[in-house]
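Following this line, the structures themselves.
What follows is a pair of complexes built around subunit A, which joins subunit B in one and subunit C in the other.
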Partner chain A sequence: MAKSRRDDLKRIAFFSLLPIFLFHFVLIVSPSFGTIYNSFTDWSGLISKNFIGLDNYKELLGDSQFSDSIKNNLKWMAMFVTIPVILSLIIGYMLSSVKKGRIILRVCYFLPYVISAAIAGKIFAAFFNPFLGINAWFESVGLHCLVKDWLAPEHALVSVASVDMWHWWGFLLVLFMSALQQIDISLYESAEVEGANSIQKLWYITIPSIQPTLMFILLISMVWSVSTFDYVWVMTKGSSGSSLLSTMMYKNAFFKYRAGYACAISVFQSCISFLIFGVFGRIQKKLED
Partner chain B sequence: MKKVLFVLLMCVFVASIGFANGSKESPSASAPVELEVSTNSTEENQVAFAESMYKELINEYNQTNGTNYVLKFSPGQGMDITNTRMSSNDKPDIFQIDSPADVQRYAKDNLLLDLTPAAEKYGWKNTMFDWAYNLSKVNGRVMTLPMGYEGIVLWYDKTVAKEVGVDPEAITNKDQFEDALKKAQGKGYIPIMLGSQDWPWAQEWYLSIMYSYTGRDLLKSTLEGKSSWTDPRFKETVDLYKSWNEKGYLANGKSYILTSDDAINAFTTHKCLFKLEGTWATYWINPLTPEEQDNIGVMLHPAINNNEKAHLPIAVGGMYCASADAADKADVIGYILNGIMSQKYQGKFLELGMDVAPISVDKSQFENLGTTTKQMWNMVNNALADGAYGYTTYAFYPPETRVYCYEGIVDVMEGKITSAEYLQKMQDLNKKELANGFTPVLP
Partner chain C sequence: MTRKASIGKIILYVFLIVVAIAEILPLLVAFSNSLRTNADIKKSAIGFPGIPQFSNYITAWHVGRYGKAFLNSAIISVTASLCVLALSLVGGYFLARVKSRFTHFVRGYFSVALSIPTFAFMVPVYFTFAELKLVNTYRGMIILFIATNLGFNLILASTFIRGIPSGLDEAAIIDGCSTYQIIGKVILPLSKPIITTILLIVFVSTWNEFTLSNTFLQQTTLKTAATRYVLFCGERGSDLSLIYAAGIITMLPIVVLFLLLQNYFIEGMTAGSIKE
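The block that comes next holds the complex of A and B.
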């Protein structure tokens, strides 16, 4: 009877997952195989394509814009796995002990996340206007050292990343706060009895307790850093200093009419994401063991 | 069991949504037949006018022929969307593409409807300018209709010019031009405004002038592979452009940090002497008050050397094409494309800053235009009549060469690469694209 019940549950689970799996397979997985094949062709984006073997990949390895884009993606990743994660964890930790006004504060911090990248990007591009915008305010208050060409090639990547972080960290905050609320309060009470201070409680109780959430956040931060596109495109069009793999892929596909080459970039991007998933999977397995 | 059946039904339901395909309407005398026109326009007024124009043309055709075509109008479809749609099963019937060079790619894949029967029926060879009619042909067949012509010009602020003590239209050479720029800068004005942060193609507007002004014949033979981008005259031009940027003449050295809106705002608030933009700039000039419009002057960019006189780097604004899949609608498509070139719409195109058809436009169509817009079109038509035209990057260069042209110049201005390295890369790309089958289409 118990076995038959378990079998029933397994069947229900299987058939419940089947629709979304089919949907995902047809719309995402199958076209991905097409992308892999197209990366070995000279496809211009229209109809005709000729198989050219590894030529696209060989060209990629020698393309200076490709290596610059990878470096920029890595810098982007480094910023996103540190600044918004640490900020949202600390603010979430502090906010979890706030009794009054917690919800209002959480809503305020989450608001940037609901603003579309196209709108926020345009607004911040105006902020970064070299003649007006934030520079004018810096000048007026005497902070001349901060008057910079924020979207010039040497600063563009960090400037755009800071806008995306403003957009992103509220989402992480909500995730962290949900995880923090799951922690058993008695652990903190025991720690207080033992004489632990706030930092010790954070390090020895909070972080280990929210480890699955933390790992998930680090994983998505890394994977989305590889494929990020929207803010860079809206604010700089991936121009010099802020070229990323995704903007390079877009330009090759739609401005240079080298869709096959763009597919090769996409395959490379996917390989990086799979590598990240693989490494995280191993780390998580070790931690669970 | 019931639960399993329910879940199976959900699977079938989802699968049917996923594979659902709208049925194509079969043409008949009474059933409405959709005719889709897609355009890259996004400006509200232009979109509204274009839609009403197509509706009018389709209604005229329906009344004359007893058909029942219904317009489906799809604005805001740039090349990225058009490329994607044209490689799918969801092709629009009439669509726009950017340049004559793009027409070749589409024709190569047999995606275009042969418009030669329509061209012969309506006598396009006699209606259109010769250079435009020649651009419409691929292998002797008319495969596209040039959307209109535009050129890169120099706009100037009359009030600022007066204050600076400069008469822009009296400037005829580089020395006089640089003198004017220096005076403007000395008085605290931005000499030349352009912004390419969000629209990197703005950088290539100026490069269209610079390279065309290096020498039209040299440029033409370079694009055709007979000369080279490494010619010393091109290097001289790039070094000149870089020096202007270093001196702060180009948006105070910040042209690639400012957006296109910043550039327009700065010009309309009297912060600059010159604004570099094309003849389409009337779309933001015409909504200004008459006084503000009258304060704006327009001229051809002065010569930058002793090799080439001032002229108008032209482009076609885009190309109208029809899908080969719409062969059953060839007659109505021909009617619509011919109708777009009729005189009655040209005045409205001019008013709204849209590209005018490549035909001799009747003077009556200019009556409702502001003084500045009239002046501009007179200047453009005179330049074309005199043969004083050159080549823009976006209409005539091979695609990769073109993209590198406006991206690489920023690296030159930043000092990351030398002008020689930049031009060598341009040459390498140009050569590669010609070897890969790109055929220059140059009037």
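The block that comes next holds the complex of A and C.
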């Protein structure tokens, strides 16, 4: 009786999960294999395509826009693994030591995270307008050093990344705060008895205790830096010195009729992402031992 | 000692408040500008409205046809959230309760598939959808959003359901319930927290989504509110008062929802990010 019921349940589970699995496989995983296959073709996006071996990859090696994009992605990554992480850790540490007003402060920090990149990006693009934006205000209050064409080639990448970080760090703050709440208070108390100051407490107690969260945040920061797209596309379309792998791929796929070449860039991005996952998995294992 | 401590506390608060104001300042400036005249904004991008120009909102709403854009967003986001919820609860139940080779495989499959970036599948999906006439349709957009949101929420639901005692299932079986009746009558009423979380995650992420919506819905009349706004800024480049007013209009529903449900938001949007 019990056994036949368990077999029944297994059967129902199989027929219920199978369509869910197939639905996901057909829409996400099988096209991902399609991307790999198409990266070896001269596909324009239409039906006909010819197998051209490694030609797309060879072309990438000589494409100066590709190397510029890689450099920009690396700069982006360097900013994202430092500035928002440090800011959110420090503010999170400070915020968890106060009680009054914590909720309203957290609402302020987190608010930009719930606003669409499309809206925030365009509003900041209006601020950055060289003639009609904040420059005139800087001029009027005497901050002449800040009067710049913020989306010009020499500044665009940093300007766009700043807007993305403005939106992003509040999310990291919340992750850090829930990790900070789980630290055993007695650790701090015994450190205080031994006369540790708050910086020593941060370094010797807080950071080691939240190490899994810190690792997770570094991991997502790196992985998402490889395929970051929305803020850049909304604000500059990847032009004027802010070309990234994703914007280059998007232009080739949807504007230049070079879907095969675009797929080669996607494959490169995915390989880097999985490499980062792999390396972090290794490090995590070593740290646990 | 106590005086020193309280001075430290004051400095701490001042610092935290300054950072909070700096963080929301761009939004306050945008709001203030949305009530100013175009000529006034062009003189200085930061300033208070002399006489609040509420007409900016009415003009922006009509010119941008935001009624239709909100309707598009609502149809897509509501349908996608409900479908993801249903699939996650049913799938999550079987993943949590049934130990077989197949459930083991599906669980492993989704935890690996979670790390596939959007760009890995977007190009072939786009051109296949174009052939199947699914580009520029609600259907196509909804199907794609269900697929991209499914994996994460399925795992989330199954983790939650595993925490519901399976003794309750046994009792329902004795009462003569079928498996799907158990899901409907036992699991569903006990899953309110995870239902709120899933609905909120999918609703907000699809409402705000840019990359896929901008690619799969190119026809102006089908655009979601956020992507409609991007197009609007291009069309009305020099009407700054309209750009700021339309920006506030498009962000308002999510901002209000966030202010009303901020605890659910913060818990929901960070759910599953932290390893247990």
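Quick notes on this one:
Note that in this section the second predicted complex is superposed on the first by the 263 of 289 C-alpha atoms of A that agree within 3 Å, B and C clash if a C-alpha of one lies under 4 Å from a C-alpha of the other, contacts with A are read in each partner's own complex, and residues count from 1 in each chain.
Throughout what follows, contacts are C-beta pairs under 8 Å (C-beta built on N, C-alpha and C of every residue); 3 or more make two chains touch, one makes a residue touch a chain.
Quick caveat: nothing in here was measured; it's all calculated off a predicted structure.
Shared-chain residue A:S48: touches subunit B; no touch with subunit C. Once the two complexes are laid over each other on the shared chain, residue contacts for A:S239 go to subunit B alone; subunit C is not touched. Applying the stated contact rule after C-alpha superposition, one finds that A:G170 touches subunit C and leaves subunit B untouched. Look at A:G101: by the touch rule set out above, it reaches subunit C but stays clear of subunit B.
In the superposition on chain A, A:Q269 makes contact with subunit C only, not with subunit B. Looking at the shared chain after the overlay, A:A117 reaches subunit C, while subunit B stays out of its contact range.
Of the two partners subunit B and subunit C, more residues of subunit A are touched by C. Contacts of A:L27 after superposition on the shared chain: both subunit B and subunit C are touched.
Shared-chain residue A:I183: touches no atom of subunit B or subunit C.
By the document's definition of touching, neither partner reaches A:V158: not subunit B, not subunit C. According to the touch criterion, the shared surface of subunit A, contacted by subunit B in one complex and subunit C in the other, consists of residues 12, 16, 18, 20, 23, 27, 45-47, 125-126, 129, 132, 234, 253-254.
Those residues of subunit B lying in contact with subunit A across their complex are 3-4, 7-8, 10-11, 13-15, 18-19, 79-80, 83-84, 86-87, 105-106, 108-111, 197-200, 252, 254, 256-259, 262, 266, 271, 399-400, 403, 407, 410-411, 414, 416, 436.
Interface residues of subunit A, counted against subunit B in their complex, comprise 11-12, 15-16, 18-20, 22-23, 26-27, 42, 44-48, 125-126, 128-132, 149-153, 234-237, 239-240, 250-251, 253-258. By the touch rule above, subunit C contacts subunit A in their complex via residues 9, 12-13, 15-17, 19-21, 23-24, 26-27, 29-30, 41-47, 87, 90-91, 94-95, 97-98, 100, 102-103, 106, 109-110, 113, 115-128, 131, 143-144, 146-148, 150-151, 154, 173, 179, 204, 207-211, 214-215, 226-227, 229-230, 233, 238, 240, 243-244, 247, 250-251, 254-255, 258-259, 262, 265-266, 269-270, 273-275. Residue ranges on subunit A touching subunit C, taken from their complex, read 5, 9-10, 12-14, 16-18, 20-21, 23-25, 27-29, 31-32, 34-35, 38, 45-47, 91, 94-95, 97-98, 101, 103, 105-127, 129, 132-137, 140, 166, 170-171, 174-175, 178-179, 212-213, 216, 220, 223, 226-227, 229-230, 233-234, 246, 249, 253-254, 259, 262-263, 266, 269-270, 273-274, 277.
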